[in-house]
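Listed after this line are the structures, all set down as structure tokens.
Shared between the two complexes below is chain A, which pairs with chain B and chain C, respectively.
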Partner chain A sequence: MSKKLSKEEKKNRKKVKPGRLAKREAMVGIAFISPWIIGALMFLVYPLAMSFWYSLNNIRITPLGQFFNYVGIGNFTQILMVDTEFPLELADYVISTIVSVPVIVVFALMIAIMLNQDIKGRGVFRLIFFLPVIIVSGPILGMLNAEGAGSVTAIDIQAITNAVEETLPKSIAEPISDLFENMITILWYSGVQILIFLSSLQKIDRSMYEAAKIDGGSGWECFWKITLPTIKPMILLNCVYTIVYISNNDQNAIIELIKNSMFSGTKEKGYGYASAIAWLYSFVVLLIVGLFALAFIAKKDVYAKQVKKAKKAHKKELREIKRVGRRSARHAKKREREQAKQH
Partner chain B sequence: MRKKLLALMLTMSMAVGLVGCGGGKQEKQDPGKVKMTNETETVDIGGITYTKSKDLTEDDIELTYFHFDQDETVTYLKDRFEEIYPNIHVNAVYENVKTYNDTLLSLVNSGDTPDVIMFSDADFALSNSLLADITELWKSDPETKDIATTINDCNIGCFATSKRFAVPVKFFPGVMYVDRNVLTKLNIDPPSRNWTWDQMIKLIKDCTVKDSSDGMPYYGCGYYNRLDSYYGIAAAQTVQGEFGFDGNKFDLTAWAIGEQEFANLKQGGYIAPVTETIEMEQWMGDFQGWCGASSHVALFTEAFWTYQNTWATENYKQYNLDIVPYVVPAVSEEDAKSTHHSIATIDFGGLTTSCQYPREAYELLKFMSFGKDGWKTRIQLYNDETQTNSSGLPLKQDVMPAPITTDEEVWDQYTEMYCKGMDDEHVGYWKEFFASCMQPIPYGWTSIAGYWNYCDEYFNKLDIHNKVDNGEEKAADKVDEATQKANYYHASAMLQYFGKEGYDILSDEEISKYEEMVKENS
Partner chain C sequence: MQKREKENKQSNTNGQAAAVKRPKFNKDKFRKFMLGTKERQGFLKVFCIYALLICIGFIYLNPILHMISRSFMSLNDLLDSSVNWIPSAIDLSNYAQAAKSMDFWRSLGMSIIIAGVPTICNLISCAVIGYGLARFEFPGRNVVIGIILFTFILPTQITMISTYLLYTNMGIIGTLWAFVLPSLLGMGINAPIFILIFWQFFRQVPKVLIEAAQIDGAGYLKSFFKISLPSAAPAIITVSLFSFVWYWNESYLTELYVSGVKVKTGWTSLVIQLDNFATNYNSYAQTATGGATRLNESINMAGTMLSVLPLMLMYFILQRYFVESIDRTGITGE
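This part shows the complex of A and B:
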């Protein structure tokens, strides 16, 4: 058993220098991760720190240099208390994201399950669903939307919009109407998610399905009891991916607002103002990610929980049997004693 | 030891190399103080005699020209400029208008500011102090006297200050196109060449015939530009910019009259349907149809370039149109009798504040924009129909501007090139038009400080055009508030751009005046 060293002993203890091999190994390790460290410092930590510093300043960028005027939280108060644009756009964004993320993820899951079936031309179908990811960039998407290709022509959008607007408040009805109006566009966003689901579906052990089938489980039951619980971590991953994609998309009105603010000529706006919007926006995006994470992070495995519950019930049952046995034994002894007394 | 010595030597040689490369940089000149000496010589290149300035540096230098002009044309001009001044290498960089400001500001941010730039949004250029003061260069240049009169008279490019920051680069005159064949079919006399605004409105109404003999309704006007923009300038000769800007402040009264008049015409059914509407489908039987190809519209408020890149092309001969240009009419009969102010699309350019060689950069800017020599080169290029853009279209048909210089030689060559293939009657129409369009007033966002911010943050959000067109609101009801806001934005911008924190060129009186304006209108 190792002895715990006192502070004095620790101090007095001679420092053991690492050997040459250990040093070399450490250097190799550092060399291998240094590209990431340098990259993260240059392209993540530094820009983040700079953009936060920008958000506290009013900045003018001129050919003769950058001029910073420290305004503290001035940009944030301007955005939230004076200008109306960002809060309004943000409200629209939050509602539309919360509405469209489940639609995209569920659609991706459905397509992934279908593509996982043993069908002819499976590869071609997979390619078709992944094509939008490769082809559809921001400008192309913009052009397609402008041509009216973003909605399903067979759906009577106007009727849905009217129905939604009659039953719900305008602020909630609008994002839902938008969802139907841009149904195709939204579904185009699901290429990567389909791929992620597909890879996780292929990892599920086939023997589990066979066992379930032997026990008389239907396809429906297999989906709920085997498929869904197994791919649950991927649902969260896809939700996060979808939120990030929607939030940083070229079509996103807040991204447009940030860009416009960057290049605006008004005194209040510019890089500082745009950075402040970006920080506020990131915070909200993180909150939405957190919201979905709360809904999908499984604290414990459902089956482990059920097994534990069953074991507990079984133990309780055993205890009950023992108790009943002991009680019966007691009663029997008592009866014997009483009979003996009578005799 | 040997390794260390080798490393030391390499380091030293690199340091020496860097010092050597970094040396020889000329000290930056203040563009505001640089003048032209006007000492010149002539050189003949490609059949054109150029006037070469002798006061330019003889050192080998490089200038960057950042633009959104027609790329092939600029490349041609750049090559010719380099032939005239072989020691000046020009790096012409094209950027799409959509991403122009973003890219330019990124370049500025990274310390790669171009020497000469084009811009269309004055607020963007001024708020970032991109434009250098070129007052002395402009004043000492004799060619700036031979330029469309309003440029100097209304201080266009000076942004209501005593200094000049910008020069007109691309000029597209405002024009009213009349289809004479429609007038003939409807048995209506062509309007007077000195027509007034009311005569134009009458023509629009007279030419609207819903129950025509061929079953397809005729419309008086097909629009690309709304009439309110035209009316605001046409209303009075004191107006120097959109929304009744008189050089100091705005007054949207005239704009509201034009806005309401246009809305009334729309509501009255005198305006042809626009593309991609049900009305268009019902009228031309094509959802994506364009009224310019209908042969059933008398007057068009199209852009200047529409004639050359659309109506003058072979494809459009099938529509049997006879399009002739008319000047944008003045409101008062007095103004209409002579040449008068009319709205025009003008893109501006300037030197940047970090430009190391202002004299040379100015020469380049002039060559690319209003300069006679540059225009002679452009006309030579436009005449050569084998010179095409990336789509194979002759450059003459690719958004070709008009010269803003008044030089007769340039205009004679331009008119000859422009009217190639036309009969004398049509050449006469064009000559008459070109003579009457030389008092241009540019759109506000290119020439008035604070205008774009005003539109972006206030005016466009009113959705006033749609509301007035639909009859939901009257334009006159918005005049007071909109004028107040416009003046507030302008005064704030003047203080911000040209006050102590900006170029610092405003006098104390001017600062007090704008501060007072901000107070009054906030």
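This part shows the complex of A and C:
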């Protein structure tokens, strides 16, 4: 054992070739994750490659076997140029996602902040707000919506949507009135997010708020200057989670479209066509995730920025001083020379 | 400064007035009570928070309450506009009919199998993979973690079609193997999340502990089973609960891979039965009662209730583990 330890120490002291122990550890580690490697090859890399190949083909399944017919980008042009179904659904999906993700996240944050106050019965409220996560699934949501349980009977939603539609232009009003109509669905999607926010809020150091209060900061200022910057990574996490959840949800019309075109018997549709839709759809989803990530990606914090700025200014000043010094030295020499000439 | 002085003066005069007259209604005290001081929260704020929380909680529960109340209503209650929330008499025949048309007990058993078996496989594979990522250093580890994160974001639809064809060629479509195989290889539903949970957990196990075990002669497997796994009990509970719930609620992939879209295999689950509730009910009604009873809202709601009930029971019994799970997973960063 002592031999091994000394070897490890040596490895730590200077980077040489990995020792025998490190090599063996690496081998065991790879052995441990080997199921994942096989799984990734089988259910990630191979399907990805195949579905890309499928999207370039027209596939027909007959009792005699599968027939591939290479059509190049034919499927994509068919989807985007000829059939109107997918572009329309996609536009709907993009607009509703971009509208509802901020709403869900902000709502979850509000609830979490309220639950984080010193109130009684926090456990009960947590229980209620997390319940939808357990029972929500496509068919159940569909059934509830179909029977009119998805909207709040106590609030006159029709009046709100009418008011919105009258005052705003149609393109803006439509997503907003959709938002009100699907209020419960949106609220129901925020269960996990509330808990994530709540547990991150509880981890913020109390003494920070106390210090801020002593310095005369109000609750409002504390929220913007302490709470929000601290939970910023959680906001990004929740945004991503929400987007992924909405995109993979059974209620999503595009997913239904993919399945329908997979099993439709028409000549131009089929597995190839469905694969092409799936590729386009995935691209759009990743794009939206990227968009939100870009908006929230952790920038360097303000203090570090200011320090850097100050350092830069200081360096510039130093350079300036040096330059002035050099210039004055030069001038002095010049004058000396001139004086020497005159003499 | 001037302002503060003024305020001081005011409070002084107020205090004097209170001391002299002792009125019943103290304005200053009342204001403090309503708006709160630095030490105590104001009544107004607390009241607002409670009111908001209760309102939102009601909106949250509204569909479920609606479902429960409707499921007990008889046809007369449904048509009677004066009956809004509370049914005039509790009618259990809706449940009986819905249960019969859904073939409740058989579907329940199959749901448990469809959700339970992949959950166990998920648990085994994700624990092993998470341990491998957390405990060992090997080249390309960060790449693996990156790919796992990426698979979480990537929509499943992109690999769905070729996976479907792969299963068809392997001959496991329409059997439980279509769920078991990927979950054994760490590619089940939401497996990236579970792997990350285990990874987070095993990273917190002190390395000294494992090294001590190694000095005492424990091998890699023994130190995994005897030391790391027992200390990861919260992660095991979280993963198994969520995996079970997500497999239970998954209707899309279950229908595609296991129970069949066009041609039905023997497999079914409660959620899928609910998805095809109308057709199921009609075929049941025609054989059983000769098409006498029609599908109505109460029966629909009773069917929905039946398919939700097992999970709801589980949630209320094990609610502590569910609600605390997010804290435990360390997703919020320790």
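Quick notes on this one:
The rule is simple: the second predicted complex is superposed on the first by the 260 of 343 C-alpha atoms of A that agree within 3 Å, B and C clash if a C-alpha of one lies under 4 Å from a C-alpha of the other, contacts with A are read in each partner's own complex, and residues count from 1 in each chain.
We take it that a residue touches a chain if its C-beta (ideal position, glycine included) is under 8 Å from a C-beta of that chain, and two chains touch if they have at least 3 such contacts.
Just so you know, these numbers come straight off a predicted model, no measurement behind them.
Look at chain A after the overlay: chain B and chain C clash there. Once chain A of one complex is fitted onto chain A of the other, the partner contacts of A:Arg327 are absent, as it touches neither chain B nor chain C. Of the two partner chains placed around the shared chain by superposition, neither chain B nor chain C is touched by A:Arg337. By the document's definition of touching, of the two partners only chain B reaches A:Ser264; chain C does not. When both complexes are overlaid on chain A, the residue A:Lys312 reaches neither chain B nor chain C.
With both structures placed on the common chain, the touch criterion links A:Ile255 to chain C but leaves chain B unconnected. Which of chain B and chain C touches more residues of chain A is settled by the count: it is C. When the two complexes are overlaid on their common chain A, residue A:Leu237 makes contact with chain C while staying clear of chain B. In the superposition on chain A, A:Met143 makes contact with chain C only, while chain B stays out of contact range. The clash between chain B and chain C in the superposition falls on 97-105, which is one of the stretches 79-87, 97-105, 169-177 or 349-357.
On chain A, the patch touched by chain B and the patch touched by chain C overlap at residues 66, 259, 262-263.
Per the touch definition, chain A reaches chain B in the complex via residues 60-64, 66, 259-260, 262-267, 270. In the complex of the two chains, the chain B residues touching chain A come out as 101-102, 105, 108-109, 113, 121-124, 126-130, 352-355, 452-453, 456-457, 492-493, 496.
On chain A, the positions that touch chain C within their shared complex are 1, 22, 25-33, 35-36, 38-40, 42-44, 46-48, 50-51, 54, 66, 111, 114-115, 117-119, 123, 125-140, 142-144, 146-147, 149-150, 152-154, 183-184, 187-188, 192, 195-196, 199-200, 203, 213, 233-234, 237, 240, 244, 247-248, 250, 255, 258-259, 262-263, 271, 274-275, 278-279, 281-282, 285-286, 289.
Against chain A, the residues of chain C that register as touching in their complex are 38, 41, 46, 49-50, 52-53, 56-64, 66-67, 70, 125, 128-129, 131-133, 135-139, 141, 144, 147-148, 151-166, 182, 184-187, 195, 215, 220, 245, 248-252, 256, 261-262, 271-272, 274-275, 277, 297, 300-301, 303-304, 307-308, 311-312, 314-315, 319, 322-323, 326-327, 331-333.
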